[in-house]
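Same chain, two partners: chain A is paired with chain B first, then with chain C.
On to the complex of A and B.
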């Protein structure tokens, strides 16, 4: 929504303008682009060298770091682990935030505003403030040896904002939607599943995209709540590799690039959703 | 709508029950996994706790921690990191202003600047580590432009390492804050801008006296986000770049929680530090709610 409004205000420029100024502007913007893209270039360039080539600063070119990444390291497995954790956590977030958001917007009960406030307030709790009790609780329940612990924690961390977003979205739908459904003999579950849910696909996509980036990129939860090395997400694998005594930097960069690819793809296809999720708090 | 009629109608009662049931799973989830642990953290902050047995100590734990010089050293790092916040606001503001001039290809530039927000701090930290290393790109760059006599080794000193973390942090915030400001600039009233132009104001004058005041809300929002990130989102970056060192040079409060709890096994003290972090964030959060009235 915000990027479409961005087009509207473009008429504020004086026509023509100074050629020189415009050229200079373009140069500055290219320079900024170089600064912002540098890490990507560094990762690509370094990953296409061997450790010896990298250290000697030669211009050599090799794909051996990539083959090392896939053959000597559990990179594929770790990518899969990240994908599993992300998918499970996001499914829980979607299910719980959509149902809750719908009810907070359309099926209000006496304490619903208060409950919503409580859930939204949970957004303010920093992960680090609860991480120690959380860790002890989940380890007592034997949940940190598998994916389950990390999935639960990610889901819990994602639900408050997702619920806020879904509630805001459902509030925008007309109340008659529910009335009409009920008059037609639908149950509330049916009204939600058949009428409201299909209409809220854009909001669900926004939640998915935001949560994907957040969970895929995270380190702390994966580090603490996935104790089984075979189930480690890729970020934890990279951090462990980086902390090793002898670090093969080109392999590390290949791994970094690999780990970044899904997030970059999501970014390229769903940029608009990221922007609208980010600016939700202010653009109202 | 007459609320008395609502209350008596069985349909309404049914609707409210459905509403309560719909919100139950999310509420239970948040309560068990976020609500309970924060209460526990508060309780355990008064104890000596190794994760298995907790011995009650009382408020003395806070007194002890407040006399710990390392705690103040860590807090100092947090305050120093806050110095990066104005830069992390100012640069994106300038970039958004340039983008808003809509030169050829500005939308592509916008995407390019926003792209790093998709990347994990783990990955950013790894690249940044090589950038600032003694054999890294920064020194390479300096010698390439004939400044080879300035050989930096930021990561080897306490303040230098913190500077390196701060610079990486500023870089990472460019995308997010630029987008916030661009969104803000799209809401500007063009007639004010034109009126100022007609009155003969320079571009700079228009920016300072017309654009900035209209962007106030967006600047506040970016400020809050940036401060929250500075306090609670740098764990991965610090973990990968410096591990909190050298010494306690880059240990911020959030990282100190991790170190104290999981590296030293002092769960009680770790919980206490978490509570202090929560208190700091709650103050910031109250300011945020006031600014954004996000719950209405």
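On to the complex of A and C.
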């Protein structure tokens, strides 16, 4: 009797302990999924009720809260505001972190390590501790009445981590690749634009997704640095909903759901890139 | 096509460190295949990178085609380089990889395509032009890296250990391909390797470096037959030359109770320098196996290891005086491990070096 038969047998029938472990894992994962998904279910269900139905606990179905949301609140405009702020801040973060990351990783200039350490140390500064001086600075520059103030603050808060991430990524690119580009006739700027940048798409996507979720969901910066009511992001709009004497919970839930959708879509759309590596095949 | 000239080229990474390349002076003729060989840290790659413009030249000059290139960026030196890890652009296809440098230089698309097609035909890469590097085998990637250099039709090819990532069989195959390709194209080539077999089989001339200093440069046979010092003698040749430190006697060197006769000129130089000992180099094939009671026998050897390679066999053993020797014998009937054999030294094939400094006497 050959060993191959034994192998086949063991392959079709995994040991009992192994199966038990997998079963347990499945149960735990289901529980976690319920905990994570229940808030969404609650939001969907509540947003499809009237305030009276919600308060009395009676069953019923109504889309009145959704129509109210778009009728009473400038929800569309606020979503657009959020999108504009997010896009501008992320573009600044990507441009600066990618160029800085490439410089730190590949153009080892004097004291570059110290500069990088300084930037990484900036990640440790709590946002709340710098918010007052930031506010004073930006108000003096008359930047808090437009998108610009919030965009700049979000960019400043996002750049340290993004630079750290991009530096780490570019360090993984072989130096020979840069040298091959230089020998082929590229300047360092062209090496960055034509070789390093296309190869760093996974890292750029990671930065984009993380920053998008963070900026889109943030309330504090938008509340403080966007003083013009027409330019407020959706999170500030939703906060205003609950600031009145009576809070219409179903409308609030509809708004929350609406505001959560873009972040979820961005994550689902890009999650494949988040985990993929493009650098395979550069060398041996 | 162009000649290359290093004139006292020096590279020092830090003031308090020894130079990575120390005062290299070397002329490479137009169309020549010159191999830089040496152990790790010998400065061979540094020399190549200085020639490419990837490394600064702290002192001295470097000329390509009579033009001083010391302060020129790589793209103005008219060179193409093949890297150890190939450094192919992973987001481009094989054709794009090969034509990249030409596209940057604003060459018309038709001409780029034509040159890429020619190079692909030369290197048997036609079926792979639309593939990406990760879809290729190691050997194919190596050929793409060669193709990338060929399409540019540069004055000089620079190759930095391009075969070190291939398996043994493919390495031998590619070795001959590169050498014949170079002869066909006639482009001046500087090739860096740590493998002395590669150096000996491929190069028109071989330059041996050690600790940043050029030891000897010459045709492979010259290096083998007249090594300039004990380092070159030990580095060139496989298996390595037997190097024995022996005290000087009247007409030769004392060895295992007898005297090995040394060439008169070598003896005279040693006496002139006031040396008491010399390093005697004996190639494994300069030792002939004889019966232990043969009157011509110089020394007996106890065999500890026999390496059978088919045509040849190498005997590794120790003499009664504790010297370790390697002997090349006919592979058909090698002596058994553990047996004793007599060895006859062929005096005409001895090399004599100063023990201190290692220079040839």
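Keep this in mind: the second predicted complex is superposed on the first by the 237 of 284 C-alpha atoms of A that agree within 3 Å, B and C clash if a C-alpha of one lies under 4 Å from a C-alpha of the other, contacts with A are read in each partner's own complex, and residues count from 1 in each chain.
In this text, a contact is a pair of C-beta atoms (placed from the backbone, for glycine too) under 8 Å apart; a residue touches a chain by one contact, two chains touch by 3 or more.
All values derive from a computational prediction rather than experimental measurement.
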**OP:** Report the partner of chain A that touches more of its residues: chain B or chain C.
**Re:** B
**OP:** Please indicate which partner A:263 is in contact with in the superposed arrangement: first for chain B, second for chain C, both, or neither.
**Re:** first
Subject >> Which superposed partner A:184 touches (first chain B, second chain C, both, neither) >> reply: second
**OP:** May I ask you to decide whether A:218 touches chain B, chain C, both, or neither, giving the answer as first, second, both or neither?
**Re:** first
**OP:** Determine, under the contact definition given at the top, whether A:35 touches first (chain B), second (chain C), both, or neither.
**Re:** first
Original post:
Is A:109 contacted by the first partner chain B, the second partner chain C, both or neither?
Top reply: first
Original post:
Common interface residues of chain A with chain B and chain C?
Top reply: 182, 278-279, 281-283
Original post:
Which of the residues in chain B come into contact with chain A in the complex?
Top reply: 11, 14-23, 25-27, 29-30, 32-38, 40-41, 44, 51, 95, 98-99, 101-106, 109, 111-124, 126-131, 137, 171, 174-176, 179-180, 182-188, 190, 193-194, 197, 217-218, 221, 231-232, 235-236, 239-240, 243, 253-254, 257-258, 261-262, 267, 270-271, 274-275, 277-278, 281-282, 285, 292, 294-295
**OP:** Quick one: which bits of chain A touch chain C in the complex? Just the residue numbers, please.
**Re:** 174, 176-177, 179-186, 190, 195, 198-199, 278-284
Original post:
For chain A, which residues are in contact with chain B within the complex?
Top reply: 2, 5-6, 8-14, 22, 25-26, 28-29, 32-33, 35-37, 39-40, 42-43, 46, 92, 95-97, 99-100, 102-104, 106-110, 112, 115-120, 122, 124-137, 152-153, 155-157, 159-160, 163-164, 182, 188-189, 192, 213, 216-220, 223-224, 235, 238-239, 242-243, 249, 252-253, 256, 259-260, 263-264, 266-268, 271, 274-275, 278-279, 281-283
Original post:
Tell me, which parts of chain C touch chain A in their complex?
Top reply: 52-54, 73-75, 79-81, 83-91, 100-101, 104-105, 132-136, 138, 141, 148, 165
